[in-house]
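Can you read through this structure? Questions will come right after.
Chains: A, B, C and D, in written order; residue numbering restarts at 1 for each.
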Amino acid sequence: MSLTAPLRGVVPPVCTPLDDRGEVDTASLARLVGHLVDGGVHALFALGSTSEVAYLTDDRRATALKTVVTAAAGRVPVLAGVIDTTTPRVLAHARTAAELGADALVATAPFYTRTHPNEIAGHFRRLRADVDLPLFAYDIPVAVHSKLSATLIRELAEDGTLAGLKDSSGDEGGLRRLLVELGGRGGRDRGPAPHFTVLTGSELTVDAALLAGADGVVPGLGNVDPAGYVRLYDAARAGDWTLAAREQERLVELFALVDAGPEQEMGRSSSALGSFKEALRLLGVIDRGATAFPQIPLSAASAASVAERLRGAGLPPVR
Amino acid sequence: MSLTAPLRGVVPPVCTPLDDRGEVDTASLARLVGHLVDGGVHALFALGSTSEVAYLTDDRRATALKTVVTAAAGRVPVLAGVIDTTTPRVLAHARTAAELGADALVATAPFYTRTHPNEIAGHFRRLRADVDLPLFAYDIPVAVHSKLSATLIRELAEDGTLAGLKDSSGDEGGLRRLLVELGGRGGRDRGPAPHFTVLTGSELTVDAALLAGADGVVPGLGNVDPAGYVRLYDAARAGDWTLAAREQERLVELFALVDAGPEQEMGRSSSALGSFKEALRLLGVIDRGATAFPQIPLSAASAASVAERLRGAGLPPVR
Amino acid sequence: MSLTAPLRGVVPPVCTPLDDRGEVDTASLARLVGHLVDGGVHALFALGSTSEVAYLTDDRRATALKTVVTAAAGRVPVLAGVIDTTTPRVLAHARTAAELGADALVATAPFYTRTHPNEIAGHFRRLRADVDLPLFAYDIPVAVHSKLSATLIRELAEDGTLAGLKDSSGDEGGLRRLLVELGGRGGRDRGPAPHFTVLTGSELTVDAALLAGADGVVPGLGNVDPAGYVRLYDAARAGDWTLAAREQERLVELFALVDAGPEQEMGRSSSALGSFKEALRLLGVIDRGATAFPQIPLSAASAASVAERLRGAGLPPVR
Amino acid sequence: MSLTAPLRGVVPPVCTPLDDRGEVDTASLARLVGHLVDGGVHALFALGSTSEVAYLTDDRRATALKTVVTAAAGRVPVLAGVIDTTTPRVLAHARTAAELGADALVATAPFYTRTHPNEIAGHFRRLRADVDLPLFAYDIPVAVHSKLSATLIRELAEDGTLAGLKDSSGDEGGLRRLLVELGGRGGRDRGPAPHFTVLTGSELTVDAALLAGADGVVPGLGNVDPAGYVRLYDAARAGDWTLAAREQERLVELFALVDAGPEQEMGRSSSALGSFKEALRLLGVIDRGATAFPQIPLSAASAASVAERLRGAGLPPVR
């Protein structure tokens, strides 16, 4: 399906279930897509950071994307991450994503290499020119170690290069400034870039982002509790901010499951991704909670703490 | 006056007007205090980062604090920053602040030296033990280059070391987690630390912080438009989040005055502080817009852009 | 040819000349290999950061590596960079490199994702287990944003996982500690890891690294002046430290060509790589000085400054 | 005594022994000065980072400096650190240092506040203009979180603002470029700034710095083993680089005592300073090994590991 403009709502970055050889478990992934669509989400983001895209070979990336597109079956649009170090490598992923039926592309700034705003602008413009799909900029300094400036985003929004922004920078003050500059107060008409979409990746402050005029959210935790994020989104759209905040607070408590893996044993990313997948396993959505190598697996004790958190949030494990 | 517990509301960090020799312009400072109290603010924070505390000799710090306490005249409480590298030096400032009539102290983690959570905990405990005033932790990694962890803050809140937190970390997700952990959802009773105050220093997302359960805000821009922040606070307290967001957006637009000084010529801090002071001069509150040496002064063109921003926000210059 | 153990000497990271469509210019690359081997270098490092590996599609990587292996023709060993985000993707590159005739592999820690020492250890162990080639760890925090600890390097050196380290961390004090711990003073027998190679990527302090017991250097500038680095290495091996320092100083002056591109226009990496390639063009070694997209090309004025630097270092342009 | 120009040699940053109330133990400090001067050092640096200047109240700073000046008794020059956040506060320390008989001042860039090269330049120029003592810039990004650029240092060297640089940046490549630019190759005549002194604070690579043309070193470890650093310096001056490297390697092994305190219990700075002081106590130079509050003291086991290291380096404890 083609993207509505602007894209709005809850757009979870879809976890990639793996089998015991590290291959994509397509049956589990299809069930996960069903779980998300049934939960009411508005679109899906395949091959994002939460999808462990950095750990997937090109073949596995293709399998994962194909599976998500097929399982979504046109009910919601599918955005595809095209994550690689620089333009020539990203272009290769973008062409594959287009062939596999993605409805939009999500690309970061160049990484590994040190880059420059002029180079980042050229990067996004070339991607947009060479592959005919709406393009979202993915601002994620924790991964790529540069920040997309508001000036650059506005320029690329106004000249039509970008269809939107996924802001995982954690800089909520900067996002607020961008939203005010883009959208005008009150009306939120996005001024000179009326169809530009702003999605926040800050899953703990979604009520705040929506109050500030963001169009939606890309919550990793939305894999586990898509219906919760949809309730939060709906409450915000209805102007019931107190209800939105209550739902956000429940999700903040649930989010604590990302601390399941001890810091001395594994990376924060492995702990978070492992806990999301373990939660999905406990909820009966996917078959195995394993993350991709070389991430450290959760211990049995860590997995038990995930189960505890699920119960606390009203999502009792079924196994 | 003694602090109500918990402290709530708008607590601007008071700018320190200077004369042409770099001495504190006490007449201007007293007028500024009047401007703030008349604007409806709930407390004053003297000797904070926005007060240029890092640029003031001990004598000038004393003069500034004395002036604020006298001008406040018990109408609102006065918090005093006690900013220095480590405990022995901070203690000296703390004793002076107590003698000069401060109602509470605001201290950062040690800086210049590399520190450790165990050392930071000892630091705050010693300050609390040795000077009998409520103590606020000031989390400002951009200045001190370490972050106060939620675990540490909770421990020091629950054992009574800290009366509150001023969070200028910019980590809104972390703040949200802390608020949920401290306060419980809905009730916001701060659980085991019922009188603990959480103030945000993120002046562009105050509506969001209040929606999340923060008690108030310490806005540098509140020097220029205290009444605006009070309106925002009142709207939030009344549950009118749409009105709060509109007021916040007006303040976000006004905030753009901090970019008055060109990045190639001066630091971001000098530009922001210079523009706040120039705005206060243009509004007739203080006599000179000068910042402390070695900050670079705003050019005439930069000052003109400040005037323009004031007009745009409905605060026309009077000179 | 197989690697002597330990590898010693000057091991330039080979630039990748490109044609006007961005494809590898194999004729120029073969000439560059000849230029380096004729300059006396002891091995070649293909597909490193200076080779613009982050900008090369998989096909171009294969072409570049094949060309270097063929042109080297067994005269010196060829190390191949296998640079990608995580183990599964790096393994794919490693298998290709083995098929194409590389004599050793050079891999970084995982990047893009946040990682952990336990995960990094697993990463190198898996690479070593799955592909039967000597493995070098590439410590380059400026690119991957984590630092390999001395503890980890020693562990992986002593258990035979690693054949060596390429240290581009810039932490010369840490390198000195590692060398003392590894090698014992004086004898420099590398104690429990007698065949372990330590190469520095700090091309401005090679005399110092050799004095400290490093085995060799991987200098980007060595593309332009391989004979200079070989003279420096030979002087050091002969114990003529004053001569080594003089040669290093000449190379430090030449190195200033990396500043050819203005900081406001392009990234530091583009300026450095563009100037190396422009210098190679001016010296008649390669046909075009172009860097890969989206790097900003050097202006004519910048190129002229490269020519000036070459003349100053006694390397007059031939075009 | 007045400074010879340029200052050359071993200039240890003098530890500040404390009594059980945290006051300066002047008898121990005088003995430490004797230990250093007897060890052959060429000057003393009081009130530096290793002196715990950040932990000393103004009174204690004065006591420490007075004690060092008196004990040095004109045998070697005394440089005084004037460490504080910005110019007005640093000036107050500088005037005191001049009154107390310091021979030169050592100042960092502004810290706590975000600063700018233009502001840093103004800062050093004002210090030089207002207090008539030779001024050294102290480049220590780990403490002040900005780096002094080579461009700035050269400008301030050439216009006479600075008498020298103490480089604790750890950027040895940058230092090499600066030395080449300042001094010309071979001759090392410092070109347009013939009397400019460059001291390295990188105590593990002193042989390298001297080979590169630095004038001397400011080694924290020099408190413990001044004679070792003097031997290293003398070997380098005599052109016996192999001997210099052997001595450096012995000192690198001794330096491992800084890891005495476990990372999970205390900061790296506390561990290093605590181990230097414990070593001085074990060697009979000072009475107590205590560091200033809130640093965590070394445990008995940690202290024992310091004794072990001393023995290994041929410096047997006397208690």
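Note that contacts are C-beta pairs under 8 Å (C-beta built on N, C-alpha and C of every residue); 3 or more make two chains touch, one makes a residue touch a chain.
Note that the structure is a prediction, hence the values are computed from the model and not measured.
Touching subunit B and subunit C together: A, D. Using mean Cα coordinates as chain centres, the one most removed from subunit A is D. Work out the mean CA point of subunit A and of subunit D, and you get 49 Å between them. If you average the Cα atoms of subunit A and of subunit B, the two centres end up 35 Å apart.
Across the assembly, subunit A contributes no residue that touches 2 or more other chains.
In terms of inter-chain touching, the protein chains here make up one closed cycle, each touching precisely two others.
Remark: the chains found to touch one another pair up as A-B, A-C, B-D, C-D. Partner subunit A is touched in their complex by these residues of subunit C: 22, 49, 54-58, 60, 83, 85-89, 92, 110-116, 118-120, 122-123, 126, 142-145, 265-270, 292-296. Residues of subunit C touching subunit D in their complex: 170-173, 176-177, 180, 185-186, 202-205, 207-209, 211-212, 239, 241-242, 245-246, 248-250, 252-253, 255-256.
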